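Both of the next two complexes hold subunit A, though its partner changes from subunit B to subunit C.
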Partner chain A sequence: MTNNQTLKAYLLLLPGLLPIIAFMSLVVGMAVSQSIGFFNFSGADQFSIQSWREILSQDQFWRAFLYSARTATLSAILSVLLAYPIALWLRRPFPGSDLISAMIKAPILVHGLVAAFLFVNFISFQGFLNVALVNLGFTASPMRMQNDTYAIGVVILQVWKNMPFAFLIIVGSVRAIGDDILDAARGLGAGWLARLRRIILPLTLRSLQAALVLIFIVAAGDYSFQAVAGPTSVNSLAQFMVRTQADNGANGWNEAAVVAVMLMGLSLFGSLIVAGLTQLAVRRMRR
Partner chain B sequence: MHGITSSRTVWYRRLSIGLALAVFFFALALPFALAVLWSLVDPAHPWAYPAVLPPVLSLRRWLEVWTTSALPQALYNSYMLAACVSIATLLLASSAAYALGRMEFVGKSIIHLLTLVPLIIPNFISAIFFSALLIELDVYSRFLGVLIGHTVSLLPYAIRLMTVSFAMVRQDLIDAARDLGASPLTVFRTAYLPVIKPGLLAALIIVFILSIEEFAISYIVGAPDFITVPTILYSYLGYNFIRPNAAAVSLILVVPNVVLMLIAERLLRSADPAIVTGKG
Partner chain C sequence: MTLMANALAVERASLRYGTFQALIDVTFSVGEGQLVTLLGPSGCGKTTLLKAIAGFMPLDSGRIEISGRDMQGVPPEKRDTAMCFQSYALFPHLSVAENIAFGLRQRRIKSSDIASRVAAVAQQVGLSPQLEKLPGQLSGGQQQRVALARAMAVHPGVMLFDEPLSNLDLKLRDHVRIEIRALQREHGFTAVYVTHDQQEALAMSDLVIVMRNGMIEQMGPPEQIYRHPVNRFVADFVGTANIMPVDVLASDQKSGRYEVTCPFGKAIIHSATPPVGSRIYACWRPEDAMLTSEITEEENRFTFDISARTFLGSLCNLALSPRNGAAEAFFRIQTHGFTPVREGQTVDVVIPPDAIRFLEEVVA
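On to the complex of A and B.
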């Protein structure tokens, strides 16, 4: 590897990499700067933590923060918990396994807003589920399930949409585990639970963590599912950020920037905590 | 004993496949069938509780959505934008994908990670503060704003897909073409192009689909003048929830994209150097 070749590689990387680095640093830089009073659309550009004080003293913000943290954690854990046994089941191909794989991956092709519409349409007051429940005699009249207070609908949608991603990430690492290792463990008397705890889980830990981190970030930044199917009494952080920017005039930019920085913090630290706790749990199980 | 175990395994698999089919039916097939039915509800005969099926089916709702809403304009905007985004993305991604797929250099793994940065920043943060940046720079063209936003946020997909394609090109084929005195253009045409073509087309299609589906940047940066199909769908799902219209727009958004994605998947599956070059 000569210096010349390295320089050539870097020059070739520029057209693709430069727009990404420039765009993302400008966008993140803009959010951070606006949160501390710079690029101010409503007054002089000067350092100020007024917007931070304003946002952090609002109950609505903290409700949105905890709501996003909770739904993201639940969605990530449930998606992985569902995807993992399916990935183990489909580890070795068998007649029909390709069909099942294709069916699991199908939700990836469905747009988030369309998924939210299909779900709302299914559970709405005069939707299929209510008509079926009434006609089968389970309930006397239709129930109100849409925009439920506990955000069960949002979590179902997140799991529905993100479980295929978790499956795709995990199935590769599960398939990569050699039969010889598992056969050796079986030969030494390890039952299926011991093999799962001491071999399969530790060897697939990285992909488990990758799936958890990815889904946590996507779910924490959710806007569409929350806006269409989420509870009306609370906002997600992304929804609160959009609302803050739109409703508060020129000041809205600075306050929305504070929410954006907190959302990025939640995505980064929340996903790292979830991944770290998973590592801890897998290590404990291994003992 | 072995016979009993294997027949039990077969039954267990059949049962599992049946269960998977049932889940698929309730989670995807049935909701889509209901969307099709809702899009066909005749406007003069509403489908209301407790009717299990719509009283009258017709295509009048589709005609109504087409003629009275901004859907034709949104479709034009979405597809025009997606075509521009896929070409721009491919032009920008090609050389980076070549470097990542075929060259060794210091910091390669870090650069791999850097190309994925747009995927880890929540879409609405990129959208809002990109629009703040456009205001700061006095750029008021909605189309240009959305084009730049989509291109940058979809670059990771194009770079990743094309890196894999470039990495699959066989060095012995390139060397053979060079040894026979082929010009750089001929080397590209004979050694590279047959292998990277499926990946290139797949990247083009996937970026095209993702641009049509992108909502955050189109909604925030494009508003209020530049309407796309997802922003129209969102308007039907908001405070004025118009279910039959939402059903029709949902199908318009999903069906062409599913067909395109299936083509992309086929192309990616065919991107095997052994098939293209005839060598194992």
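On to the complex of A and C.
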């Protein structure tokens, strides 16, 4: 490409990229600024780390931080683990594969809050699941499953909602592997496990990485699933952020901004770890 | 029952895709160290047959033996074959060295042996300086050589080539073709080579198998396929042929001399095999005919008008129409070097009686 063509390409990208960069910078800049005392709603703008001190000293914050990190990690891994074999299975079209593919993507069309309410209704004390379990004789009386302490309900919802995204990302890369490549490996003596380990996994690792990062970020910032179906003893970071802003009067915005920065930090940190682990895996598989 | 002691034997192989019969009762065998070409137009079943030998497509009926072992139910990874694909099918995330070592690792060969074998094979195919590169950094010819080296490294009982040169340009194709043949002769590996390029088939093979519609039309050494085609399809597909209907007027089977009428007059045919009917097809190759200006009484001397002349440097193609009024008939001859004739000129052509072959009967 000549310099002129490169310049043209960047100019063409600009209308799309510019709002994204501007908006991102604005949000991140605002959050960071507010967390250190600027854009202050309660007094004069001045540099201060008082809000950071306040938030980082709270046990509830750290419990929310670890809770979000844990549910996000679990949701991302489970979503990808579920999506990957399905993507492999649907790699080559067969009668009915389009229908299955469409059904897998259906959760994308249902809003998270609606899904959370449906789920809570389904598992509630007098919900369909409990009634079915009692009537079928599996349990003597209804069980309490709603808002469980271990956030199993939240993870189920996260996986249900995010697995289609993982599937969409992974299925493209799986389908991009030519039959000839897999046949060549087979002809050279590679059984299905060797083909998976030495050919399919390395060639789809980038898409796994992308799926893990995206789901981690989405799940780490979850509010709706946690608010409706999450445990009552702990908040997610997003929930904690809203609560901090509402409960702390004039300083609420600054302290909520600290939580927001930590939430973005968690997303970044999680993404970096996933990227690093993927790089390591790629290098190991090349050997 | 064990088939002949061959590196590869295929017996009555049949395979169907839905309603399409891809292979019909295909039977042939390949001797140790032979290079056999499956030649035919697209859709004739040659790649299907190759994939059936590799185990990628199970046969509906019939059997395949490799080194005397029945391959029924044996998966591709357990067969003693290695395949070179038309698309090369290199593993894009592995270096050239790792691509070549792939099959050796699957066979759990010691690391030190793998390294020496990779180095040796890479040297044979001229890839030593490229070992650390990824396939995407190589040219088409180099990628083809990696595919060849990868297959050679595992010392397979039968090497399978699926149109390996079709993505290369003409010059490179000639070069790699010679390389493959030289390596095959040097290492003595048995090979089945699929191509639709008749020149490639004639140049490389010990045995050519011509296929059409899932069936074998003819098999034999290249010279036999070219000089003695059994039907119009083989005559026309392998090389260029003048094919014409003839009526047998007189025959002497003892001497093998036949008198026929053809679109440009009466002709004499010398043939060891008698015609299969009284009205049959016959063919002759363009290069067998000779232009003549001598005033002699020769057998099979005919007068034609030159309707087109194509000068190709070392060769000259002439399109001829007979002077006897059979205007729709059209024949080709090929002369060597510069031929000082022009379009519209009348020429005398001699077709040697033993250059004309009988083919199948004309069906009304």
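Here, the second predicted complex is superposed on the first by the 255 of 287 C-alpha atoms of A that agree within 3 Å, B and C clash if a C-alpha of one lies under 4 Å from a C-alpha of the other, contacts with A are read in each partner's own complex, and residues count from 1 in each chain.
Note that in this section a contact is a pair of C-beta atoms (placed from the backbone, for glycine too) under 8 Å apart; a residue touches a chain by one contact, two chains touch by 3 or more.
None of these values were measured; they are calculated from a predicted model.
Engineer: Identify whether subunit B and subunit C fit side by side or clash on subunit A in the overlaid structures.
Structural biologist: On the shared subunit A, the partners fit.
Engineer: So in the superposed three-chain picture, is A:A176 touching just subunit B, just subunit C, both, or none of them (first/second/both/neither)?
Structural biologist: Neither partner.
Engineer: So, does A:T6 touch the first partner subunit B, the second partner subunit C, both, or neither?
Structural biologist: first
Engineer: What angle, in steps of 10 degrees, lies at subunit A between subunit B and subunit C when each chain is taken as its C-alpha centre?
Structural biologist: Here the answer is 80 degrees.
Engineer: After the superposition on A, what does A:L66 contact: first (subunit B), second (subunit C), both or neither?
Structural biologist: After superposition on chain A, A:L66 lies in contact with neither partner.
Engineer: May I ask you to decide whether A:L272 touches subunit B, subunit C, both, or neither, giving the answer as first, second, both or neither?
Structural biologist: A:L272: touches no partner chain.
Engineer: Check whether A:A250 is in contact with subunit B, with subunit C, with both or with neither, and answer first, second, both or neither.
Structural biologist: neither
Engineer: Using the superposition on chain A described above, determine whether A:Q126 touches subunit B (first), subunit C (second), both, or neither.
Structural biologist: First partner only.
Engineer: According to the contact criterion defined above, which of subunit B and subunit C contacts more residues of subunit A?
Structural biologist: Ranking subunit B and subunit C by residues of subunit A touched puts B first.
Engineer: Quick check on the superposed model: minimum Cα to Cα separation from subunit B to subunit C, whole Å please.
Structural biologist: Shortest inter-chain C-alpha distance (subunit B to subunit C): 6 Å.
Engineer: Hey, which residues of subunit B end up touching subunit A in the complex?
Structural biologist: Residues 13, 16-17, 20-21, 23-24, 27-28, 30-32, 34-35, 38, 47-50, 52, 91-100, 103-106, 111, 114-115, 117-118, 120-126, 128-130, 132-133, 135-136, 148, 151-152, 155-156, 159, 213, 215-216, 220, 230, 233-234, 237-238, 241, 243, 246-247, 250, 253-254, 257-258, 261 of subunit B touch subunit A in their complex.
Engineer: Any idea which subunit C residues touch subunit A in the complex?
Structural biologist: Answer in residue numbers: 51, 54-56, 75-79, 81-83, 85-87, 89-95, 98, 102-103, 106-107, 147, 150-151, 154, 160.
Engineer: Residues of subunit A touching subunit B in their complex?
Structural biologist: That would be residues 1, 5-6, 8-10, 12-17, 19-21, 23-24, 26-28, 30-31, 34, 39, 41, 89, 94-96, 99-100, 103-104, 106-107, 109-114, 116-122, 124-128, 130-131, 134-135, 142, 160, 217, 220-221, 223-224, 227-228, 238, 241-242, 245, 253, 256-257, 260, 263-264, 267 of subunit A.
Engineer: For a test of understanding, state which residues of subunit A touch subunit C in their complex under the given definition.
Structural biologist: 178, 180-181, 183-191, 194, 198-199, 202-203, 282, 285-287
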